[in-house]
Each structure stands twice: as C-alpha cells, then as structure tokens.
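Below are two complexes that have chain A in common, paired first with chain B and then with chain C.
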Partner chain A sequence: MGRFSSILLNIVAITVALIGMAPFALLTLLAFSRNPTSIEGFTHENFAFIWTGKLFADPRYLQIYPDIHLVTLNTLALALGVSGVVVLLSSMAGYILSRYSVPARGTLLGLILALHGIPVIILLIGLYFLLRSMGLINNLLGVIMAKTTLDLPLGIWVMKGFYDSIPWDIEIASIVDGAGRLRTWAKVMLPLIRPGIAALAVLEFISGWGEFLLIYTLIFSNTSWTLSMVIRGLIGEMGSINLNLIAALSLYYFIPVLIFFILAQKYLLKVSLGGIRG
Partner chain B sequence: MKNDKVFFIAGFLGLPIAVVILFLLAPAMLTIIISFTGLDHRLRWEYVGLENYRRILTDPNMLLFIANTAMFVAGTLAFNVGMGLLLALISTHVIEPIGYLVRAIYLLPRVTPSVVFAFIMLWIFSPLDSGVINSTLIRIGFNPIPWTTSFPWLFLFIVNGLVGCSLGMLIFTSAIKSIPSDYIIAAKVDGAPYITIIFKIIIPMIKGHIAFVTAYQTLSLITSFEYILLTLDGGPGYYTTEVWALAAFHKAFAQYSLSSQYGYAAAMTSFLMVAAAILTILYWRAFRLREMISQPKIEV
Partner chain C sequence: MVEIKLEKVTKIFGKSVYAVKDLSLLIRDKEFVVLLGPSGCGKTTTLYMIAGIYKPTKGNIYFDGRIVNDVDPKDRNVGMVFQSYALYPHMSVYDNIAFPLKIKKMPANEIRKRVLEVAEMLRIKELLDRKPSQLSGGQQQRVALARAIVKEPSVFLMDEPLSNLDAKIRVEIRAELKNLQKRLGITTVYVTHDQGEAMSLADRIAVMNAGTLQQYDTPDNIYRNPMNIFVASFIGSPPANIIEATIDGEGNIIIGGTKIKPPEDLISAIRSIDLLNSEVIVFIRPEDVEVDPNNGHILGNVYSIEYQGREAVLHIEIPGGGVIRGLAPPNSISVGTRLWLRFHLEKIHIYRKSGELLI
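Here is the complex of A and B:
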C-alpha cells in the first residue's frame, strides 16, 4: 500500500470514528440547549434536577415522576447489587470449575454456556409469577436477583478464564502450608485475579445500571423506578416537546457508564464479547 | 481432610447453582407450565391442554409475525456482520491508536443504556421537523422526510445493527490480526491491489469467524425485541414491525393489564424456545463449541 493511500485510509478511519461519536455529541449539545426541541442557545438549566431532584416545577408532575435523587439511588442499588452478587457467585463457581475435578464437569460447563444464551422473553412470564409468589414482585431485590442470574453464566465463564491463567504452584504451596481451602481462596487466589474481578464488576455495574426490560415488567410503583423507566416515561409522554430535558437526563444517566467505560476499556474490549444479546 | 474438600466444593458450587435453578430454570419451566393454562388477568390457573397452541397455529397474524421476524433478523444481520467486517478491516489497517479509537467508539452503543440509545436514534430519525436529519434538511432548503414512518425496517436495522456490530468487529479484528503477515506481504510483493488481498486472502481466512458471528447473532436476534419495543413498538400502523418475540411480550404485558393473556403468550414463547434449542444444537455440532469448554473464553 502506498504512502498516499495509507494516509487516506487513516483519514477515512477518523471520519468513521467521528460518525460513531456523532449520536453522543448531538445528545450532549441538545442537553445544553436552550431551545427545547433543537440545538440552539446554551444553558445548564436543563440539569437543575441534579440539585433539586425535580424534573418539573409543576407539582402535578411529582405524582408521575418521582424525585430524581430517589430514582438515582434505586438505579445505583440495582447496579451495585447486580455487580456484587455476580462477582461473588462467579468467583466462587469459577474457582471450583477451574481447579477441581467435580463430577460431570464437562456437562456443567456446557450447560453454563448454553444458559448464557437463554433469551429473556422465555423467562419473563415465569419470572413474573415466581416473584409474585415469593413476594419479590414490585421489589428491586427481585429485579437484582433476576438480572444477576441472567448474567451469572457469563460471569462464571469469565472468572474461570481468569483462574485458568494463574499457575497452580502458589496455591498448592498455600494448601500444603495448611492454610485451608477457604483461606487459600480468599487470601491467595482472590488478590491474584483482581484484574478479572475489576473487569467483571465494571461490566456488571454497566449491565445493571442500564437495565430496562426487567424493571418495565417486574416493577409497578414509581418509587422503585430506575432512570431507564423515567426516561422511557418522558419519551412516551413528551417525546416531542421537552427534548432538551430528556437529553439532559439521558446524559446524566449515560455519564457514569462513559466514565467506567473509559477506565476499563482495555478489559471491556476483551470481556464484553461474551455478554451479548442481539 | 477429605470432608473438608467436599464441603468446600459443595458450598462454592452449590450456591451459584441453587441461584441459577431458582431464578433461571424455574421461571423457564413455569413459563412452559403456564402455556398449558388459560391464565389471564383474572389469575385463574385452569388447565386448557393444547388450546393455546391450537389458537396460535390458527391465528392469521402469526404468519405476519413470522415474516416480520425473518425480515428483522435478515436485515439486522446483514447490517451487523457487514458493518462489523468493515470496522474490523478499517481499524486493523490504520495506525493502532486510530484503530483502537474506532473500536472503542463503536462499542459504545452496546454499553449505553438502551433507553438512552433509543432516544437518540428516535430523535435523529424523527419524522417531525425537530428531528436531527429533518431540521438539517429544512435548513438547507429541502423537504423533511418522515423517516421512521416511511422506512421503519431500515431504521430498526440501523438501531439494532449499531448495537450489535461490535461483536463481529471485535471477533474479526482479532482474527485479522492473527493472519500471518507473510501471506499479505507475499501478495503485496506480487503486486496484488489491496481489494484483492481483502477478498482473496483476508475474508477466506476469517470465514469461520464470519460464520460463527452470523450464527450467534441469528440466535440472539430471533428472540430480540427490546430496541423495537423502545422505538417503534411494533408500529407504525397495524403490526408493521411486530416480531414474534415482541408479540408474545405484548400479549403478556399489555399496556392495560386487563388484556394480559399469560397462557397464550407463554405458548408463543414456547415456539421461540424450540427454535432457539434447535439452532443451539445445530451450532453446537457445526462449530464444535465443545472445544471451548476446555479453553478459557476470555482471551478471544
């Protein structure tokens, strides 16, 4: 390839990158726009809800849209809950599957791989009645458990991969020293796979933070809403009037994802491969 | 000592397995059981045998849902895989910082909360004058075009394709990077133009990866409906973009709970379950996924 065409290709790549950035750049511009329906003028008033917690000055809307501080806490609880439980359970199961020859290990691993692809739609109706009977419907805890379990097969695979990459000698030395299996796992292995734990924790935080479908089906009262439900509600009700407000809320919702994404991009470009639905 | 090991394994493996059984396998089984009942908003569990299945097979709308699903899967897949391949080819043939930037940016739609990405795309392609494209058209003196109502499928291909293309992009990138450089250098020495190198060397060598991504995406797209729900919601008009999975979802979780037909919807998802199971078994054979069991999946 000649020098000229090489430069040309780099320019094409930069253009492609800019096109990919455009939707997010446009969102940012709209969020700071004074005009409610187009990018025009500059204001930060659209973000007033961050301090006041209220999306609208009109008190009638408070009935429909809960306090944004509460909604943010709900979203955070879901994200941290999913991330914490997935990391804990995956680093337990992943360890056993990587190190111990349990009966039917191959079948188990195959099953986990198959479960990873199980579509949400197949679970939703059963989940709705199951959580109802357990008293976990309309409860964020129910959503955390449902979401956790959907993501668990991937988590176990990822953690198993990280354990597989650690040599055995350190661990054997520790067990021979009489440290006990639980202690060896907690004090020797977990510190060694810290990059894996961090990567999975971030991936699952993003996954829980952005969840929509499970909240939409399993939560009824707006006091348990997350940001996705508020934005969905706003799009439905005033998707053509208050675009700049929706954009501001969307940007507020998106920024934590972006920060985590930038911090963990190196891992995410590898790990997120498996975590895909469509 | 032996006991200690058994307890350790049972605890560490048992807890995650119990969670999976309770929140994954049990709901799936429950859905199948519900498909044999007439469960609706009155919440009465009465056994109706295969009645729901009979009604589905005789409902004239089902052909429409199947056709819509085929359309959705085929179109999104073409966009997905094509875009993924294009991004992988571009990002591996430029200087690495730029290539990395391209890949990172096209991974963003996947990690963006679905409602946010749906909102942005709805606004860009809005049929109203306030949409990004339409307001630009008006400014430069053209007439606005009702994008999402005139081209609903194309819109859905773009939205779902942008979310999905990063899978192909990342897999193809690592495949292209692992092609021995001698092949390409030899072709260059022979004076082959780059387009020939792409079609005669690169694509044939990553054929397997293309097949894998296509297969994997087909499986997940058949049951995918979240972004349709969030954007066109089966419209515009009468079931224009209502795919099978979305129709099942609407039947169960309708806007007004009085019209919820859980039994019927559960039977609809059973068909999806069967389709997904058949495809999984086929792929299991075709791609020898069993080999993946012995290898860690992370280092793709």
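Here is the complex of A and C:
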C-alpha cells in the first residue's frame, strides 16, 4: 500500500512538473530553431545579439529597437536599484516596527499589508502625475522610485519577521555592553538577519528584473527600455515573422532569474519560515 | 565598587499593570543579593531597572548616592548575564568577550590581554575560536560570564543564569560563581525563582511577590523567621507546615481537634498580644516535627513517604483531615503506620490568618 501510493504520488508529481516545463522546453527548442516560425533545424545564430547587441542586421530596425547591451544595462539598473533601496529601507523600518513602541503599531502593520494588496494598475495614473510633477517621467530613476514604493510594504513585513525572531536578550546584552541603539542595530541585529536580507535582495532583484507595467506606462523613449519592453515590442510587431528571435531573447531574459533562484534557494526558503538559528 | 539604593521604586506597564510597587532596597558595596520570587513577581523588572533598560515610573535608583534614573545602560558600567546566555551567535567566543571593550574603543593589544586573562580565569581559553553554537550550555554560560567580567563592571546583574543548565553543572558553576564574586568583590544582584539557589548564593535575599518586597534578610533569618505566610511557604525544601489552628481561652493551640499545651513563655506571649480565642496559622518546619511510636502531641497516620537518601519525608494525616510533613531516618517507617507527632514548640511561629507574623 505504502509502496503503491508512493509510486502513484511520484507519477503525479512528474506529470505536473512536465506540464510546467513544457513551455520552457518549447521555448528553448524554438530559440535554437533555424526556421523562424516553427521548430526546425538547429542554429545558435538567434543568439547573435548577445555579442553584437543588435537584434536585426537591417539598419532601419535599429531605429525602433535599441542596442540590447544598453537594454540589459537598463534592466540591471532597475533590478539592482529596486533591490538596493528596498533592502536598505525595509531593514531599517522593519527594525523600528519590531522593536520600538510605535504608536498604533497594529493599525500601521495592517495598513502596510493592505497597501501591498492594491493592484498596481489603479495607481498608474496617480504615479504618472506624481512623477511628471517631479520631472521623472521617461526616466528610469522615476520607475525605480515607483517600484520601490510599491514593493516596500512586503519588504518591511519580511524584515520585521526576521527581527521578531531575534531574542530580546541579545539586544539587551549589547545595549548593556555599551553599544547604543544604532550600533546594536548595525553590529548585532543586522548580521543576525543576514539570511533575510539576502532573501529579500534576491526577491526584489527578480521583481525589478521582471517589471513591465511601470516601464510600459512611464517610459517613452526606447533608450530607457528594459528587456521586458523589447520582448513586448517584438511580439507586437514581429510575432508572426520572428518567433525564434523572440524565443532566444526570452531565454536570455530568463537565464539570470534562474541562476539567482538556484543560488538563493536556501535563503528564499527561510522567508516562509521567518526564523533564524543562533 | 558601588552601593545600590532603590527608594520607593514603582514600575507600571501600560496604564495600570504594577510590575513593581514601592520597592525600597539597599544593596551594600560588594554584597551578593538575590531577588527571589515566583514568576511574575517583578524581580526581573527590578533587575532591568537597575541595568537601566527600564526607567522607574516612580521613585529613585541610586548608585553610590547618585541618582541614575536617567543614566543610559551603557554609562552605568554593569555586567549582565542572562538565562538564555544571550551570546552574539555570529561572533566567535573571542569576539563575544571582546565586544564590550571594542565598543569602548580600547586598543587592540589591551583588549587581547584582558580577554585572555578572563578566559584563563574561567577556563575557556581553548574555546576562543569557536562559535557559541558549538559550545555546551555550561561553556556558553562561562563565556557569558567572561563577557560580563571583562569590562570590570561595578555591578553584576544576573537573570536566572543557571536555570538552563543540568543539575550537576548548575551546582558546579554555582560554587564557581560565588567564589568569583567574593574574589572580585563586585556588587551583585541575582534573580532566581529557585529558593535553594538563593539560599546557597546570597548574602541577603529579597523575597518578592506580586511586585512587592516580602522580606529582605540573610538566608538564615529568612529560613528561621519568615515575616509572613508567603515567605514561610516559599522558602524551604521540603516546604514548611502551614497549619490552620485555633487558640482557646487558656492559650492552648488546637490543631484538628487535638489540644496542644504550649510552654509557659509561648502562652504568655499569646496572652500579651490578645490571641486567646482566635483563629491563627501555625508554622513549623518538617525538621522540627519528630515522630514517636508511643507519645507526642498528635496521633497521625502515615499517608506517603518520600525517600530522600539522607532522610525520608513523611506525609502524615492528622485528625480533622490535615497533612503534616515530618522527617524520619530513611526506611524506618512504612505507609499506614500510626504514630505520634511531637512538635518542637520553641521553633514554631504563629501568623494572623491574613498572613502577618505574630509570634
């Protein structure tokens, strides 16, 4: 019975995994396909843009599609910017919410969580006017700021959870040992929530790397595009002509996320557990 | 190094939770004082107020005559040891001990010298490169002690430091701690709920309950002359007998219907404070209850026996339904035996029903 059910479970698990992997397999096959619209033949020419930076040989298209190296840098800037600022701000805000007697803490925490639940799309018009008045429309910095604001609630919650798991005694020991509150935070608390910081940094990097809606709304000139925007442009205009190129670019877009996930798996798992061990 | 005085100190949490109420306490220079009481009695709150982590809501705390209510913990020069050890998990043992010195910006070679000295004193020199998670409980507590000692504090504050240790290591470190405290001559305030630990360590014990001080005296005085029923029942193992009794018109004590005639001086004491014909509580320690097969004050029935090695604790049912604890040589008596109890009446205390000591 035990043996039979374990075989059954394995079959189910493998089937589910296969269903999930099918699109990736097709994408990969298409990316290496010689035929631009169906899986046929093998070539790595579709990935030429990685070296040349150019998606098309035809100079007319270069007007429409920016250099991929530049786009990659933009995407990286957005991802690192969001990750850095969210980690910096939430590691401080989370500490305050966890350790200080903040007035109306419960309400504040509830509000932070509710903020996280608001669909981004209903904030777009507001964000647009806000950034325009600050002169940050069509500017990656504006997108980083908007994205950071939207992601902060989650970051603060995650960081607060990690701080909550550090016993008070350790903090009191440090304060009695002569360190002020600020030094206790920097020398004792921050090193202890390092797994949390790593996890949040990776989550936010991926969140920034994958951002599409804000770029689509707040960026006009293609020199500030990110990879998601280029892919969307290609699908819209060349979806039926150059599928293999789109597949290659998609794969290129996906690889860093995959690598990051594999490297950070053990930290990401701790977010749900929310704890650390001394 | 420093004399600590608490003057009518009160700590209120929130709006009306009195953690500590009107506590006055003088802890002399070099003295080892234990704050003893059940959990929630305010002893840890008191310790944290001395450390400067909590500020008293009312009253003053003095170090050597200077009010320190608003002095930050870092400026009080206290060394603290916790039940959880509270070592910094990400630092090596060396860095843990060196931490308070690094904060003081002491030169590195001076830090090294002092850490090694303290490590030598506590026999943890070979552990300096390890992380706290690689140490046993006893070793962790030694490191925590080292970290408290290395800064040469004027006060040691210890919050149940031995409670997480095995019984054997606990007794070992207890002796070490007492020896160390006397050798270094550092004023120490030690919090525990374990009366045995309090008795064995303290110069003086402050027994607390529900935020108020019950008695503050030497272990011997607290053991022999508890000021009220709470102290009487909290101190001592096996616990003392606390027996409801009546005093008749002639000054005899009546326990469970049996009349006991006290010695003359006790009768005159009873008369002098007008206790004739009143309900009281009688206190007597098990070691002051003797058993005898032939005669005594009350005839009882052995109901249960606890073997303790050196002696046995007898639980004896008496007429009226009460149980009295007494001591006897081990293996001398079996359950169900009828025997006489004889009280050492010169050792008894009499309390009012509300708890205060009368005689």
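Just so we're on the same page, the second predicted complex is superposed on the first by the 261 of 278 C-alpha atoms of A that agree within 3 Å, B and C clash if a C-alpha of one lies under 4 Å from a C-alpha of the other, contacts with A are read in each partner's own complex, and residues count from 1 in each chain.
Throughout what follows, a contact is a pair of C-beta atoms (placed from the backbone, for glycine too) under 8 Å apart; a residue touches a chain by one contact, two chains touch by 3 or more.
Model, not experiment: these values are computed from the prediction.
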**Report entry** chain C versus chain B on the shared chain A, clash or fit after superposition
**Finding:** fit
Report task. Using the superposition on chain A described above, determine whether A:A179 touches chain B (first), chain C (second), both, or neither. Result -> second
**Report entry** C-alpha centroid angle, chain C to chain B via chain A, nearest 10°
**Finding:** 90
Query raised in the report: Which holds for A:I121: it touches chain B only (first), chain C only (second), both, or neither?
Result: first
Requested in this report: Identify the partner contact of A:T223: answer first if only chain B is touched, second if only chain C is, both if each is, neither if none is.
Outcome: neither
Requested in this report: In the overlay, answer first, second, both or neither for which of chain B and chain C A:F254 touches.
Outcome: first
Query raised in the report: For A:P191, is the partner it touches chain B (first), chain C (second), both, or none of the two (neither)?
Result: second
Report task. In the overlay, work out which of chain B or chain C sits against more residues of chain A. Result -> B
Report task. Return first, second, both or neither, reflecting whether A:T52 touches chain B, chain C, both chains, or no partner chain. Result -> neither
Query raised in the report: In Å, how small is the closest CA gap from chain B to chain C once the two complexes are overlaid?
Result: 6
Query raised in the report: Common interface residues of chain A with chain B and chain C?
Result: 180, 277-278
**Report entry** Touch list for chain A against partner chain B, complex
**Finding:** 1, 5, 9-10, 12-14, 16-17, 20-21, 23-24, 26-27, 30, 37-38, 89-90, 92-93, 95-97, 100, 102, 106, 109-110, 113-115, 117-130, 145-146, 148-150, 152-153, 156-158, 160-162, 164-165, 180-182, 185, 206, 209-210, 212-213, 216-217, 227-228, 231-232, 235, 239-240, 243, 246-247, 250, 253-254, 257-258, 261, 265, 268-274, 276-278
Query - Sites on chain C touched by chain A in the complex - result: 48, 51-53, 72-74, 78-80, 82-84, 86-90, 99-100, 103-104, 132-133, 147, 151, 157
Report task. Please name which positions on chain A make contact with chain C in the complex. Result -> 167, 169-170, 172-180, 183, 188, 191-192, 194, 277-278
Query raised in the report: Which of the residues in chain B come into contact with chain A in the complex?
Result: 4-5, 8-9, 11-13, 15-17, 19-20, 22-24, 26-34, 76, 87, 90-91, 93-95, 98-99, 101-124, 126, 128, 130, 132, 135, 160, 163-164, 166-167, 170-171, 188, 194, 216-217, 219-227, 229-230, 245, 248-249, 252-253, 262, 265-266, 269, 272-273, 276, 280, 289-290, 292-293, 296-300
